[in-house]
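Below: a set of structures, written as structure tokens.
Here come two complexes built around chain A, the first alongside chain B, the second alongside chain C.
Showing the complex of A and B:
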């Protein structure tokens, strides 16, 4: 038994996140019995990646504050005020927390025609499925699962998203949800092909699909090396997260939220943050592929967290840009959205692929 | 239908498209850094109202001459005259009916009614909206949360908000009414019945009865010095022989 624990401890201690800033505090905590094991577990890189950064903690904080940031920023641009009344001297910063509490205590109504079991299971299943790609996205050099096929696995898991959204719509068994689901399927095919080709262009350019290597070996960020791939990827990301110009599946005005029209209570709360979660993951992927991941001036006090800090900063920047699109563009019709996906974006993705090939051949 | 033209969407080439996209994105970035806003955060700041704002109506019984003009002119029939303990008639307003046209204030010859900038009075029910004369003398209870006043300024391009760290005063000095000096005058003394209604109705004691020696009849006489020109006797005269005329200087 002790040998097993010691072996585990050695594995964990050999792969620790070093943060010089909190080292004195950790030394103090080592005096408490059993605390050494706890600290070793939390600072073990895979565990740290899942639980703290870029996993649950940072993801949760972004889910809690990004809806607020989006609403506030869009309101600023559109001459409005945005969330204001809750803690008004801080500009309504805990609005989403308040909403979440309200959703928690609200009744989840399951209507007569719904497939009851799937209707209740799908929001939670979807939430879990949407968290999976975070296992493979590196923040600096902190990553949960390091594999040479990281990008392919992340793309594969991203492809799962629309399936779950369609599941939501199917379980709802209502006409609005049905129309929204069909639209989601259409938009998914239009967006996914250029999305994958743009990612493929980056694999060719970096000659690897290990996300950690891709991030660390970018001396020139990918957005300068292949701007067309970056633009295609960005537009496809906007389509995939159903942001405003492509908010076709869940158009509020005609489908009143599309696949999740029937949900209420905490189930709706979970679905509401799904698109932010998706935004967080795709922005993280875009940061790794095109903005150099955790590259940036090293901050000595933060140690390993320095890379994670730059990664999160860039991810938030990409997320903000994605969300601000809502204020700039009106929504496209379904046919316009599909036309954009299948013709200009596909052509752009192919050009990006050609650019990558030419660059690899020249260099 | 041959004369009709088909409406065609304007065609943009690629450079036009890029230009318009860049313009839209630039505007969004500019607004996110230096935002304009069109919202007044109401309980904490109030919009600055003009002095002739049509709001809650206040009443001053000392200036009222009980001429009923406000009640006659009210298009919504919100003003009713009620008899006061001193045998005079004062207006009451039903705010459930009032449309805030302020014709009553414009028609008030004594300047007894005046406007305020109060526009946010809360009532518990519809019956409470009937405001008696006593309630009209004093303004309603006011709790002020505002610390700033906001003004809309329209410059060449856009509308802006101008905030000032001062409270806007709610009460406006009543503009003294433009007095057109009028007096009551009998136009047909021969028809006078000497019913003495004018004498009873007159507030200032201008109408009085005079015995004419020659015909041994009683006729009414109106003292132009004392007459205020309120027109009550003109309304009440049973023979309708009284007229309001302008004073000639």
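Showing the complex of A and C:
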């Protein structure tokens, strides 16, 4: 028994997140019985990645504050204030908390035509499934599962997103949800192919698909090495996360949020944050592939967290750009969206592939 | 409303262990579903836009009832809308709150005795009332605050007014109890072709030509006013007259279809007002063709839709109002504007609505008790499925299913439907057909106007379209002035022009605010409402009201506008440029938007004329018809401006045309203000109409009832056409020459005419294009429904 624990301890201790800033505190805590094990567990890189960064904690905090950032920023662009009164001296920063609480305590209506079981299961399933890619995305050198096929697995998991959304729409059994679901399926196909090809171009360029290596080997960021791939990836990300101008499936004024039209209460609350979650993951991936992941001037006090810090900062930057698009563009029609996906973007993706091949051959 | 339903939501948030958290969350996250029920919705849009920014309170407008917890009932709930209100309320998850804004929501407001109005508080439990007609955005935000306070535990239901003791000057005088000021002729003589000798050379020529062309078919041809000719025909030969007018005289559209009920002579007068867009000299002329038919329960009359497609919807409307069956019109099966439980044929004279009482009597309620629609509350005789089911077009659904099509019912509560319902048949992503179901804001102002004094009808006339209030007001007043032959003082004419153009600018920015919303572009909405806020500020300073000034009165305007406001208006004409530029950059010149609008929803010149499109949308299709140019009124002929025309006829053309028009409007305002500033101060109300009260010529305050209370129009039909922001608005007042209330008032608003255009332009397009077309027409449902 003890051997096993000691073995486990050694494994964990050999792979610890080092944060010089809090080391004195940790030393003090070591004196408390059993606390050593706890600290070792928390600071064990895979565990740290899942629970703290880039996983649940940072992800959760992002979901709680990012909508506020978006609403505030959009409000600024639109000549107004945005959420403000709730704690006026902080600019209404906990607005989303209030919304969450409201959704949490609201009635969840299951209408008569819905497929009751799936209708209730899908929002939760979707929420959990959407978290899976976070296991493979490295924040600096902190990653939950390090595998040479990281990018492929993340892409595969990202491909699951639309399936779940279609499930939501199907279980709702409503006319608007039906149209929205069909649109979602169309847009998904149009966006997924250039998206994958653009990612593929980066695999060729970096000659690896291990996300940690991909991030760390970028002495020049991918966006400079292959800007076309970056642009394709960004547009495809906007389509994948249903951002303007590609908010075609959920179009509020046409289909009343399409697949989610029938959801209420906390079920809708979960769906509402889904697009932010999706945005977080795809922005994270974009950061790793094109912006050098956690690369940045090292901050000595933060140690390993320095990389994570830069990663989060860059991810937020991409996410903000992605979300602020909605103040600039109206939405495309379905056929226009599909056309963009299947012709210019596909061509751009292929050019990006060619660029990668040429660069690899030349260098 | 049952007592237990009331305040249930408040009790709901106060129960449970976690109730403090629940209360706090609910309080700061009141999301209204924008269930636009009436004209107060304009002010809701303002409250949400950047001027007032409701989102500060965490109140985010959301279009979907399932995900919201707050209804703001904006004003009148008609019998048709009542069902929708209840459905939306039932759809919302608990706890849910209801706020009623506007006077109509409490006791019917200005429409208190309408046949189609009901009270929201009989349909859903209401938490808070905010009075006002319309309420201001500040008032609305105060209502949201009140709900927050109510969640915190305060017991309030409406704004409490302070009671003030007025100092009384000793003993009160005994005065006679005022009686009703209405003078009604018991058996009025209704004649719509009263001859008037006018100096109109072309009229005599035209009369001669008509006599030649219609030889043997007509009974009489009369010139009733400048640019107005009335042709009387028998019922048998009516069709032939219409045929000749259409074929030979090239009269290509119907401006108005009207039925006048004359019960004491046992007849209906059916009239069609036709005019021409294809012949230039006939453009300002309105030819009235009318006949008398016997008054029966359901009289039949041949429909003229085969000649003039533009008469289609108006004929259906007349079928609803009078029960006249227009044979050949396919819409005669059911009701078009009215709800199934609205009283039958409400505009017949024998259907009486509640009279106004001028004396408060003991025990008699001030407003009539209105029974809520039958389906509220849930009747035990009806099954769960049938309860609150919106009437479905079963034949349409069946036919669509046969053809492998998909049917969607859109509205009246839909983020992109406005206050009406569309039945959309689509095949794949292509629209096969759209069937409109209007009338959700039909408040029956035509009937109400028959029961009020001429001067009391002014507020009524502008309620259908409070986004373009001045032009609506102006149209009605011009009809009265035409009848009386009043000459308006020069200064007042300029003032009216300034205000009318400001109102046009305001309406344009309203439509340009709704358009981006339908495209999912909230910045465009915010930018254009910011500019509209400036326009409203000017109108407030001029008149004292944001949307419903009732400022233009027969013979002039209520009072002179001070110089500093005129200077401010002059500044506005330059200040708007910068903001307009920003708006154009973010919205109009947006590449995504242009790709959405170009070649979408095309109406060719012929189609536009055929379906009777009016206003800037007609001009966008290439017809050069602007009432301000064709039959100039006020001072439009003295100023330097151009009417805009396009030829594309697509959504982009409609938008660019209106944008160009706004620049012309700014030009007009600039010139008019400069002209007024140089003018010496003088009368703003015609002395002719003031009579003994000449001292009121600068300000009517205190003399309004004395001067206008007993206004009687000469016998005949008085028609005015005015170019409002969205097109030609036509008022037709029929007076019997004895009563001081109109015998019949007919209002044709531009949106009512453009409704057909939306349907035709969107057919064959993509599903998403429907909203582009809809918004490009600037459709404003209260205006269409009247």
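Here is the rule we go by: the second predicted complex is superposed on the first by the 363 of 363 C-alpha atoms of A that agree within 3 Å, B and C clash if a C-alpha of one lies under 4 Å from a C-alpha of the other, contacts with A are read in each partner's own complex, and residues count from 1 in each chain.
Heads up, the rule we're going with is that contacts are C-beta pairs under 8 Å (C-beta built on N, C-alpha and C of every residue); 3 or more make two chains touch, one makes a residue touch a chain.
The shown structure was predicted, so the numbers you read here are calculated from the model rather than taken from an experiment.
When both complexes are superposed on chain A, chain B and chain C clash.
Counted by residues of chain A touched, the larger count belongs to C, out of chain B and chain C. Looking at the shared chain after the overlay, A:334 reaches chain C, while chain B stays out of its contact range.
In the superposition on chain A, contact of A:245 is made with chain C only, not with chain B.
By the touch criterion defined above, A:80 reaches both chain B and chain C.
When the two structures are aligned on the shared chain, A:324 is found in touch with chain B, with no touch to chain C. With the contact threshold set out at the top, residues 77-81, 84, 327-329 of chain A are in contact with chain B in one structure and with chain C in the other.
Chain A meets chain C in the complex at residues 71, 74-75, 77-86, 92, 95, 97-102, 104-109, 175-176, 179, 244-245, 247-248, 251-254, 256-257, 260-265, 268, 272, 326-336. On the chain C side of its complex with chain A, the touching residues are 18, 21-22, 24-29, 49-50, 53, 55-58, 63-64, 66-67, 69, 91-95, 406-409, 414-416, 429, 516-524, 526-527, 530, 586-587, 590, 592-593, 595-596, 766-771.
Every residue of chain B that touches chain A in the complex is listed here, in rising order: 24-25, 28, 31-32, 35-39, 41.
On the chain A side of its complex with chain B, the touching residues are 73, 76-81, 84, 324, 327-329.
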